[in-house]
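Chain naming follows the written order as A, B, C, D, E and F, and within any one chain the residues start at number 1.
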Amino acid sequence: MTLMKHLQASDEFVGFYLIKELEVKQTNATPPKEYFDIVLCDSSGQLPAKLWDASSVDKETFFPMMLVKVQGLVQLYRERPQIKITRIRKAIPEDGVQVSDYIRSAPISPADLIHTIQQVIDSIENSDIKTIVSYCVAKVDDKLAHYPAAKTHHHAYFAGLAYHIVRMLELGEFICKQRPFLNPGLIKAGIILHDIAKPEEMTAQLGIVSEYSIQGKLIGHISMVSNWITEAAIKCDLDPDSNIILALQHMVLSHHNLGEWGSPVQPQLPEAVALHFIDSLDAKLQMVEDTLSATPETEEWTPMIKGLENKAIYRLKI
Amino acid sequence: MTLMKHLQASDEFVGFYLIKELEVKQTNATPPKEYFDIVLCDSSGQLPAKLWDASSVDKETFFPMMLVKVQGLVQLYRERPQIKITRIRKAIPEDGVQVSDYIRSAPISPADLIHTIQQVIDSIENSDIKTIVSYCVAKVDDKLAHYPAAKTHHHAYFAGLAYHIVRMLELGEFICKQRPFLNPGLIKAGIILHDIAKPEEMTAQLGIVSEYSIQGKLIGHISMVSNWITEAAIKCDLDPDSNIILALQHMVLSHHNLGEWGSPVQPQLPEAVALHFIDSLDAKLQMVEDTLSATPETEEWTPMIKGLENKAIYRLKI
Amino acid sequence: MTLMKHLQASDEFVGFYLIKELEVKQTNATPPKEYFDIVLCDSSGQLPAKLWDASSVDKETFFPMMLVKVQGLVQLYRERPQIKITRIRKAIPEDGVQVSDYIRSAPISPADLIHTIQQVIDSIENSDIKTIVSYCVAKVDDKLAHYPAAKTHHHAYFAGLAYHIVRMLELGEFICKQRPFLNPGLIKAGIILHDIAKPEEMTAQLGIVSEYSIQGKLIGHISMVSNWITEAAIKCDLDPDSNIILALQHMVLSHHNLGEWGSPVQPQLPEAVALHFIDSLDAKLQMVEDTLSATPETEEWTPMIKGLENKAIYRLKI
Amino acid sequence: MTLMKHLQASDEFVGFYLIKELEVKQTNATPPKEYFDIVLCDSSGQLPAKLWDASSVDKETFFPMMLVKVQGLVQLYRERPQIKITRIRKAIPEDGVQVSDYIRSAPISPADLIHTIQQVIDSIENSDIKTIVSYCVAKVDDKLAHYPAAKTHHHAYFAGLAYHIVRMLELGEFICKQRPFLNPGLIKAGIILHDIAKPEEMTAQLGIVSEYSIQGKLIGHISMVSNWITEAAIKCDLDPDSNIILALQHMVLSHHNLGEWGSPVQPQLPEAVALHFIDSLDAKLQMVEDTLSATPETEEWTPMIKGLENKAIYRLKI
Amino acid sequence: MTLMKHLQASDEFVGFYLIKELEVKQTNATPPKEYFDIVLCDSSGQLPAKLWDASSVDKETFFPMMLVKVQGLVQLYRERPQIKITRIRKAIPEDGVQVSDYIRSAPISPADLIHTIQQVIDSIENSDIKTIVSYCVAKVDDKLAHYPAAKTHHHAYFAGLAYHIVRMLELGEFICKQRPFLNPGLIKAGIILHDIAKPEEMTAQLGIVSEYSIQGKLIGHISMVSNWITEAAIKCDLDPDSNIILALQHMVLSHHNLGEWGSPVQPQLPEAVALHFIDSLDAKLQMVEDTLSATPETEEWTPMIKGLENKAIYRLKI
Amino acid sequence: MTLMKHLQASDEFVGFYLIKELEVKQTNATPPKEYFDIVLCDSSGQLPAKLWDASSVDKETFFPMMLVKVQGLVQLYRERPQIKITRIRKAIPEDGVQVSDYIRSAPISPADLIHTIQQVIDSIENSDIKTIVSYCVAKVDDKLAHYPAAKTHHHAYFAGLAYHIVRMLELGEFICKQRPFLNPGLIKAGIILHDIAKPEEMTAQLGIVSEYSIQGKLIGHISMVSNWITEAAIKCDLDPDSNIILALQHMVLSHHNLGEWGSPVQPQLPEAVALHFIDSLDAKLQMVEDTLSATPETEEWTPMIKGLENKAIYRLKI
């Protein structure tokens, strides 16, 4: 079965794929006819697809997040490949395919990621910090195991958030060794907490964000974490005005660095400065890596990357 | 006794004033001599002053926030009036002067302001909103009765914060009548809460801010209020994720309108939009009024006003 | 008859509506066929509509700003409702419908708005100010009774400009009572004059702006009013360099506050500061109110509002 | 007699100079003594100077804009030369010196500049344009012959405005030959009118601006010219809404190109685009030339030039 | 034969044109059909065109940059004219038409432009400057004779770059006469070198840029010229650290004036300031001229011009 | 001997220090007297100092970068400590003190830093990259062993540049292990080359930058390195248009990320993105570390740090 990423114009193919998006549209014909405007994906990438002449039965059969067997032809539309679906049916148990095999995922398993994060929490020496971190992690519960870190910018896939945290923890450990004046407990806590409200800021399924929650829009994940830390302190009988709470809230609130990027205060603790730049380095490099891997290798340039000043990345041969 | 505001170059005078600031400095003479660099004020305004040849006794006698009797001469220094102190002594009980008469204050008494605010709280129909507002107001306790609203921008005097709230409440009531689609309870709560953490963000005495607190710098008054609302909800057994908590936190967090002005989210409820513009209108007009009243009437132009794009205001005769 | 605002997907309906826009387009069929791309509206809102297979006769029959009787079906196109017209004819006198019933209008009648504005003019004590204001109002003549205040931003409907002025006058009166240092005559004049050239800046019919005039683009309504005030002074034998003319021109020229928002000078009179913030408060709240009322009540979020930093407004239930 | 520009540290000298600025200040001594803080200038440049121990008689003898004979010594203060005045007296008729020889002036005589401008006005073919230009030029009367073009930015000297206009007219003539699609009459008019209100925007004597006028601050020279054009049209019986008036007002209003640079509209006529860039080219090169000629030739770098992004200019030897 | 620029809705015509762009697309019909989406041009302008029902033979016959004989009909699509092709064939030698007659070109022949540039190089007195300029010009070889100066902004046609250089040289010569403190050799060199790497930054054929080169994107034409000057110095045995090399590299590097416009340093030599403003004046006026000439004379407004703050230009009749 | 960093108000002390800056100034006395305005430093920090009544002999005895023995008293001036020098003499050989002990230095010896850098160069596999890097490093010769990385921002001390490179190389090695898609040779080369022209951009002695060179101002270190790479290629017989040269020049040119920060192009290779963020992380954390270590431990807040949005860093006790 051909991977999405390898499909090229004129290819005819049969295979199992996931319906990531599906919209019923009408042609301009008179009278107009209904067709499906679909996005098909597997773990390697995604392509737009059309099912012309969608019947009433089709409209009650096919939905987003469903696995289907498709026979199709790759055409060029506005210089980009697009699938014309010639046959389609729902996958059945006998097909032996599973949704989890068809979505983009972090390269490390959720279980391993969660295990690593838990180990780091256990290693935090200051018990108050550990208590707050544990409380907040418990709030998102099993969502930490599978949520993406963002809608499109970076780590936008299954377990992307946990993966982002783990890579940052590795980097944070290295930096703390290089610079002993930093407090490792604060660095660890800041990394784990900085985006911990993302699962409540967005609604996601299988690593795909469908929309922002009301809380996400009206409060924002940065202030949500700050509120959670206050909640954690009160619920765990810690002083909400203590220096540790202050430090954790400051790190979370300032981690976007500038007001126009969403931070109401700017970093003023060494660990807050470190957190922002560790986050930037990891997120930006992941954007590059994710975009390159989702771009067919025949393309020299990736699409423009919004988080990198709208620049595209070039595959230079040296 | 001449009011500060009326002192002009060449005036010789005797009177009681408050030492607002006092710094011991040294002349460039060889060897250097010590003198006092002072700011004297009364309720009408303030002027810089010098006490040349300050003795060791003087250094142990005079301090900021002390009432003194001063004999002096007004000189011009860099085209601005400056007092040369010829005699100075501490005020004594027999002088019958009180500090409170020598500071700049809101034009309404603290008791009346607090009474008005309390009445408005009582008039809020929704009991959850009322509970949260009462809790947060109780946190700043008697500080609400005398704190300024800002260090220098606007309402920077005794009871300035309460005065700002009361004028906004009047305006808010008018706007709610003009536009019935607004929720009056939210408007009232938003107005009272929006700057309620200022007394914890700054350290002030007699309406004069000396510095920002650590919390003020690392968290900022906007996020502090958001955290207080979470605290209030938990302590008062309300759901911290309810729509009312969401609305109150959103209004407070968004009331500076833009990220670069310190708001991590932008107004997205009608009442949040109203709150921002009611706050702007009141604060900007108060800046104009305060600056005009602190500028000698012989001056056609006020000093530049930072909060008004660094523009000065002109006294046009028509 | 169903209001536009209540039409939903799958509804079949018959009713009278106004053709707000009409464009003849061609399908991609071979050979292409002509159809009408229409916007139908009534006083509650508007929807896109298609008349497939428009005949030559149709092309000479139907035009924008015409009342028609329509039989149609509501379909979904790109997740938004769109009308498929099945029958259409021009309204005739016997139908008893009038265009004025089918357009969006200010909630107060033009006659009442004009009456209020005239009363305020009469109440201005300074006769020179009154003369200038009357002259400028006379220049736009009966257009003041029906022009919108803007193309899309706010008050974009029949008599929107007069309505904006009247609400601002109410607010201005309140502010002048709250702050007696403001000159009420200047405030009234500034409010009435600030947008008075808008009817010459834009071409509008029934409250719908079709385009900007050449003067509107090359001079702009702000500088037009300034020129009109000079004209008024000369024609009415007032000194064009007097303080009153200066004050009025300054208020108009500075009312957008910043150079990048179109004001060549920034507010430097107390009344100019007041004018800008009164204008902002009224315009922004009206944007919220107008957008909410034009959004079906089944929608939680309004569309994004350009004048509010591209934010949407949320209908929170509390 | 040594030119200001050639005075160097340790030089002792005697000569006639103009007192450009004079302020009475006090030393920090106890009791403080009065001294003069002076700026002395001649046509080649200027230097700060001090007269220590200024007597009461001195204070009634010496004033700005007065010619004096000075004996002095050049010292270094903060690495910059400063004159210590050892003797000073007012110039008397017998000295045979005239103020006009001691101020910085345009390199062409005012009479010649005015003659050139008048010739260009006479050469404008369209009589309406000629009428408007003549009216506005007449308003500033003989001030055109001697006013500077700006306070400090460029052409800040005697007849600087007329000189700026004449150089721009030369450049405009060249551009019109190079690009025949431009209307030479509009270009000429735009160049003469664009800054014609500057003499009313600023108060200047001998080419030195002391302050901005109230009109200059509240209306600004750009809008003042627009108002003058309206006035000219009415007084000369031309239609204030004609295309010619529109074009002239547009060119003046848009010649700063951007809102943040003071233009309420942006250039939308070819001649308006030309006007802005002709103005820029002339003003920026003059800043370079003026600054270089006012910088001692022993200095490799000029001071920073505000109008050139705060960059200094380097004298490169090649 | 009708010029593109004069074709209007409903016109039927036959003529020779150049296929500037050609894309094979599919209709929304079921099954979809293929058609050509074409841009036809001649030297006067260009129009979009459709060839419905393109056959397999057609797909192997017609390509961009090919001359064709077309019979067509002008229709309106979205209020803009669009050609429906009814017959089309390739031009043959017997037709006597040449591609060079159908493209937009500079109004002066390439040979004359190159001749002028060469004469200016010969007139540079300083032999080191002349050597560097000649070396860099030689690098782009015959491309200088036909390359455009930009993709769309200005001088976007055959020999546009050479034309831009020649007009700037004329202007530079005029400015050097007006301001003798400028070094004419540096001005000439700066003008010729400032965009000399554009032919290596972009890929163009017949004056039409199809894309940017890898070097163009990763290094940019400004830094490319700087590197070329270093190369020229080494290859011609000049000191790469000499003042002349420094001056030339500085002028090229700074000619966009600001960092956000692509210049890593800002102009700090008089000739660098002159170069930037000469370039601006010529480029902006050419944008106006090019856009006006490509806009049908029946249109009062040109399209918006990106390089002029997205403003359109108006054809005012006076 | 007391370290600078530990001197507090009222301390009397004797010790050896380095004169970092020395300026002769005059008091305001009549006649004015000369005194020395000095900055004294040792490896722990620096303080301003005054030598009142400097004699002619003193002026010929003491100069910057000289070691002196000082007896002094610490006074407070504008709330900051300042030394009043009571006795001073030059250090003599018998004192056994060396300049290198009195300057701020990187915590690793220059020899070790250079050794590490050389080892990394040796480890670059691609011989062309290695050649270019070696050539450029050789150009700055022994300056690499002792130059600072900046004038004030970060690593502003002896061997600061080499130290910055070495820490970045450690971080780069870690990142390359974490993300195998990055080319380690390019990362190493980019890190070593990115600031390699700084020693030619600035003039420094003992790690203290006194000024920028002409090349530094007119070309800038970023473009200088680009030119050097071209030079290296030609001198070493490599193709200056090869992909490796392109990659190295791109990385250097883009490492400031944005045009307004000095980069003429933005990062478009994965390694260029990595280089920018590795540089940021290291530079920002070093700013924090350097500022903290130069701030007396009795101070809770450091001074504001320009490179961190003008924020100060707080010493939080947890």
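Criterion: a residue touches a chain if its C-beta (ideal position, glycine included) is under 8 Å from a C-beta of that chain, and two chains touch if they have at least 3 such contacts.
From a predicted model like this one, the values you see are computed outputs, not experimental measurements.
Asker: Please identify each chain that touches subunit B as well as subunit E.
Answerer: A, C, D, F
Asker: List every chain that touches both subunit D and subunit F.
Answerer: B, E
Asker: Would you mind telling me which chain pair, E-F or A-E, is linked by more contacting C-beta pairs?
Answerer: Higher contact count goes to E-F.
Asker: Centre to centre, by mean C-alpha position, how many angstrom separate subunit A and subunit C?
Answerer: Here subunit A and subunit C have centroids separated by 43 Å.
Asker: Just give me the whole-number Å value for how far the CA centre of subunit B lies from that of subunit C.
Answerer: Centre separation, subunit B to subunit C: 40 Å.
Asker: Would you give the residues of subunit A that are in contact with at least 2 other chains, written as numbers and ranges?
Answerer: Only 28-29, 214, 217-218, 246-247, 258, 268-269, 314, 316 qualify.
Asker: Taking the top-of-page definition of touch, could you list the pairs of chains it picks out?
Answerer: Result of the pairwise touch check is A-B, A-C, A-E, A-F, B-C, B-D, B-F, C-D, C-E, D-E, D-F, E-F.
Asker: Can you list the residues on subunit D that touch subunit B in the complex?
Answerer: Within the complex, subunit D touches subunit B at residues 23-26, 28-32, 214, 217-218.
Asker: Taking the complex as given, what residues does subunit D use to touch subunit C?
Answerer: The touching residues are 214-215, 217-220, 222-223, 226-227, 229-231, 234-235, 240-241, 246-247, 249-250, 253, 258-265, 268-269.
Asker: Can you list the subunit B residues touching subunit D in their complex?
Answerer: Those in contact with subunit D are residues 27-29, 33, 35, 52-53, 75-79, 84, 314, 316.
Asker: Applying the document's contact rule, which stretches of subunit A touch subunit F when the two form their complex?
Answerer: It comes out as residues 126, 167, 170-171, 174-175, 178-179, 181, 183, 186, 243-244, 246-247, 257-258, 266-270, 273-274, 277-278, 280-281, 284-285, 288-289, 292, 308-309, 311-314, 316-318.
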